[in-house]
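As structure tokens, here come the structures.
Two complexes, one shared chain (subunit A), two partners (subunit B, subunit C).
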Partner chain A sequence: MGSMLRGIFSVGFGYSMLRVTTPILFAALGAVISERAGVVNIGLEGIMLISGVSGVLFSAWTGSAWLGLLGALLMSILFALFMGYFHIKLGTDIILAGIALNVIASGGTVFVLYVASGDRGISSSLASKVMPTISLPVISRIPVLGPIISGHNVLTYFALLAVIAVWYFMYKTPVGLRLRAVGESPDSAASVGISVDRMRFLALGISGLLAGFGGAHLSMGYVSWFSRDMTAGRGFIGLAASALGGVHPIGTAIASLFFGFADALSNYMQSLSIPSEFVQMIPYLATLLGLGIFARQQMAKSQKGRKQAKEVA
Partner chain B sequence: MISRELVFEIGRTLIAIMLALLLGFIIILLVSEEPLEAFQHFVLGPLTTTRRIGNWIEATIPLVLTGLAVSIAFQAGQFNIGAEGQLFFGAVIATIVGISVPLPMYVHVLVALLGAMLGGALVGAISGLMKARWGASELVSSLMLNYVFYRFGLYLINHHFRDPNAGAMVSYRLPETVWLQWIWPPTRVHWGLWVAIVAIIFSYLFIYRTRWGYALRMTGLNKDFAAYAGISVTAVVIYSQVISGAIAGLAGAADVLGLYRRFQWQMLPGYGFDGIIIATLARNHPLGVPIAALFLAYIRSGASIMSRMTDVSSEMVAIIQGIMILLVTAQAFLSKWHHRAVVKEAKRHGLNA
Partner chain C sequence: MKRIGLVLVLLVLFSAMASAAPLKVALLINGTLGDRSFFDSAYDGVVAAEKELGINFKLVEMGYDQSVWDPTLADIAEQDYDVIILGTWQMTESLEEIAPWNPDKKFIIFDTSVDYSKGNLDNVYSIEYKQNEGSFLAGALAAMVTNSQMPLANSGKAIGFLGGMDIPVINDFLVGYIEGALYIEPQVKVDISYIGSFDDSAKGKEMALAQYNRGVDIGFNVAGQAGLGQLDAAKDANRYAIGVDSDQALLFETTDPVKADLIVTSMLKRIDNSLVRALKMHIEGTLPYGEAEALGLAEEAVGLADNAYYQKLISPEFRAELEKLAEKIQKGEIQVSSALGMPAQELNALRDSVRP
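Moving on to the complex of A and B:
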């Protein structure tokens, strides 16, 4: 027990927690923004894979990590809109469209990697680039906190900035308001002249962009290669974090940290006798519990409303 | 009598499949230096030897079961993304029964299959209850349960039933009494085939010939109307998830007891999402499920043969699968043609009247 506590309170633990949180946080923010516009983005997982392989390929071809990132983000937006086109314009169920995208991405990324480089399942022959790490001035010199917060991949800082950006966009801009209105009640939004389709395309595009950052972090930050299904469910975990965080950017950021904490903790557990499987289960159980409690409250609220309506009548 | 609507749906599905396959061929043409070889292996490969036919049928068995599981949930208007976790946990339970409950031949297999069904049903019941009681989204809950039972199952296998003498993280070998026996040597096609056929017949009869099935379909078509007509939507939500979970559990048991004879999954095998592809292609009809599963297993086994014999990698088939789902479920796909057919029909009836 003592060694476990020492593990958690070590500087290395804090650092690795932020590192593993990064891709989850990006995916979770992507889930928040699309869900708020009334479209559930199950395709986050696939978009992250597409971004991951694109980042590796583009950075290897151009020799620049930043151009690689740009390519990855563009492909992510493109595929998010592709999925959106099928849902919004052709009437495919959004969940099935997302699953289809995941299926395409899971095999398609491996296929494209093989065609482009001859590598089977892992990009070992490609000289792909990695996004730079940044040592924060001043902060890096603070004891304990410095080494936890400083020295991360630049995308980790982007993720933290993205929390604020998404919050600001959704709650402080007119477009964000319209986007949320479309999610709350598409009919009322349409009746005041908001284009529901356009807002949903926008939401999916931003969702794709955010998931794209997450995927790029995996193959150009977390590690320096792409491998088959390297997302390992992080897109779905993003959806879970969004659900646990009440579909709000700040709550979701905290939920993502919680998932990152459990993930980092389970790595520490492996050296001890506590089965890591249980630790890794905790965030999902918490989401399940949160989902149940939240739904129960909603139901109680609506029942109370109905009762009151009856009394008035 | 076959309605025009059904003909349209079948035709539309076939056209979507054709288009997706065509895209596959174009991809082969673009990337391969020996496209004709590749085509040939992809299209005919699975039929060339007995062993390959066997591989195809083996691969079909779990797909039929998860396809049925998802179809039943879909028919009730419910999502089941949790088939993945349900079949994983079902396989774990079957393994545990196989290793630690010694029973005579035949009885042992039956008990293990029953255990797998209970395991899957338990997972499904949690989603169903949470939805029915509190209105919690079964989509999110089943997604979470996948991970919960995946970890829990791994814990049970890795910490209590792991064979320390095996080189990899696998369970002890299962005793022969619990095997689903191979029925067509030299292939590994096993008794699971009968299990799958029974499940198809059961699902069909259940959905179309029982009161429960009727209630389930009505709920899927229109929940409010069903409730108004006196159907207990709450009950439907729960039992549709429970039955769906039980059948998914069988899918996991079939592979473990029939093919591997020990538990060897360290990752989720992906059959749950395959089940969604199959249910979509089969338009959620139990009798369409075996056709869709045979088809999916065929193109996959063709793709894997193609990748072994030529320079095209098997993952190409994933692109075909994804495009198929998108086209089959796109309501607007060929809808103009459909509209014209409806108008024609209406006019004809108008003239007759």
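Moving on to the complex of A and C:
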């Protein structure tokens, strides 16, 4: 037990938690923005995979991590809009379109990798680049907190900035207001002259961009290669984090950190004599627990609302 | 006219004889080539057999969609191949069903065994690998490294094991690894983590980093693609790693030499050697169909990768000692336990005894 506590209260654990959280947070923000526009982006997982392989390929071809990131983001936006075209213009069910995208991504990324490198499992034969890590000037010198917050991959800081950016965009800009209006009630939004389709394309595009950051972090920051199905469900955990966070950027960030904590905990708790299957269950148990608490709160809120409505009547 | 007919008949006869001579082999891969590991090794084995033994072979990549595996195997079994090679435990059940329908065909299945008690499997030869023997050497090496004055070794006696899942095959590696390490250093501690996945290399990296943070200075990954995360972690933490199945240092030789320099060796499963051996015995008529064989160090079916990194990083004394250990295992002077069939309590006791 003592060794576990030492493990959790170590600097390494805090650092690990932020790193584990990064891809989940990006995916979760992507889920928030599309959901607010009334489109459930089930395809986050696939977009992250596409971004992961694109980042590796573009950075290997150009020799620059930043150009690799740019390529990854462009491909992610492209595929998100592609899915949007099927849903918005052709009327495909968004859930089906999302599942289709995930399936295409799972096989397609391996195919592209094979064409580009001759490998079908892992891209280690490509000299792909990794995004730089950043040491924060003043903060890095603070004891304990410094080593936890400083020295992360640049994309981890992007993720934290993205929380503020998404919040600002959705709640402080006119476009954000329209986007939310479209999600809340598409008919009313259309009646005041907002183009529902255009707003949804915009939301999916931004959602793809954010998921793209998450995928690029996996293959160009977390590890230094792309491997088959490397997202391992992080896109779906992002969807759960968005739901748990009340589809609000700040709440979602907290939920993502909670998942990151649970995941990092399961990594550190392996050294105890607890069956490993139980430890591996922790992140999922945390998800269930979180969603349960969230649902209870929602129910309490709506009951309160009903009571108030009765009193008024 | 008659003469032409005679020539034709002779030609047909001749060609029939010529085509009857080489052994026709089908290699069924339930996945794709390019995994730089298991399946590629099987393919290398069949290619080597083509060169050495003059067989003819056809490669069938079945992909990762499990629903096509069964029908593909049934199809291939009905065609005119003499020997059909396939592998992994996922294929055992379909083979148990299909082999009895095709009693005139021979089947070789690697890295698992069919259940011969079901009967009617006299045409199936199963190859299992004594991964515990190879892992014994890996564990002995890890203990030597952690005790040594090597530049990245620390003063502690903790070594790492990163498994894919808590399942018998993976634990067979673990048991050998622990016993090998204890043989060299009775005080050794083994930090054990299971990723719970064979794909998630990011999680593999995270767990390996947690181990290195806890004072592990060399780790052994047995988790397929997910285990490769450990090699990334080794680079971040600047510690040593031991690869598995294929020579993992070669994966990064050209693209990331710093990482390759930390991979002291890999515990190889030589699917290629075992298939060449099996095909050779088939041609000689000595392959024991209807049985499972466990191949180990003696058959060169498992062993440590002796590459440039091993030569460079590991001192000649250590290498000589490992060679002696390998000999002792082959002679039966050292008996390595196996997790296959080991009761859970015994396995837990072993794991607990070395817990840091």
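Worth a mention:
Simple rule for what comes next: the second predicted complex is superposed on the first by the 274 of 313 C-alpha atoms of A that agree within 3 Å, B and C clash if a C-alpha of one lies under 4 Å from a C-alpha of the other, contacts with A are read in each partner's own complex, and residues count from 1 in each chain.
One rule holds for everything that comes next: contacts are C-beta pairs under 8 Å (C-beta built on N, C-alpha and C of every residue); 3 or more make two chains touch, one makes a residue touch a chain.
Bear in mind the structure is a predicted one, so any value in this text is a computation, not a measurement.
Once the two complexes are overlaid on the shared chain, A:E277 sits against subunit B and subunit C alike. Of the two partner chains placed by superposition, only subunit B is touched by A:M299; subunit C is not.
Judged by the touch definition given at the top, the superposed model places A:S10 against subunit C, while subunit B stays out of reach. Within the superposed three-chain model, A:Y222 lies in touch with subunit C and out of touch with subunit B [touch as defined at top].
By the touch criterion defined above, A:R120 reaches both subunit B and subunit C. Of the two partner chains, subunit B is the only one that A:A240 touches; subunit C does not reach it.
Residues 110, 114, 120, 275, 277, 280 of subunit A contact both subunit B in one complex and subunit C in the other. Contacts from subunit B toward subunit A in the complex involve residues 31, 79, 81, 130, 133-137, 139-141, 143-145, 147-148, 151-152, 154-155, 158-159, 273, 276-277, 280, 313, 315-319, 321-323, 325-326, 329-333. Within the complex, the subunit A residues that touch subunit B are 40, 86, 89-93, 95-97, 99-104, 106-108, 110-111, 114-115, 120, 233, 236-237, 239-240, 243, 275, 277-278, 280-281, 284-285, 287-288, 291-292, 294-296, 298-299. Considering their complex, residues 32-37, 166, 191-194, 196-197, 199-203, 205-207, 209-211, 213-214, 225, 228-229, 232, 251-252, 254-256, 348, 351-352, 355-356 of subunit C touch subunit A. Listed in rising order, the residues of subunit A touching subunit C in the complex are 3, 7, 10, 12, 16, 19-20, 23, 110, 114, 118-122, 124-128, 218, 222-225, 227-230, 232, 263-264, 267-268, 270-271, 273, 275-277, 280.
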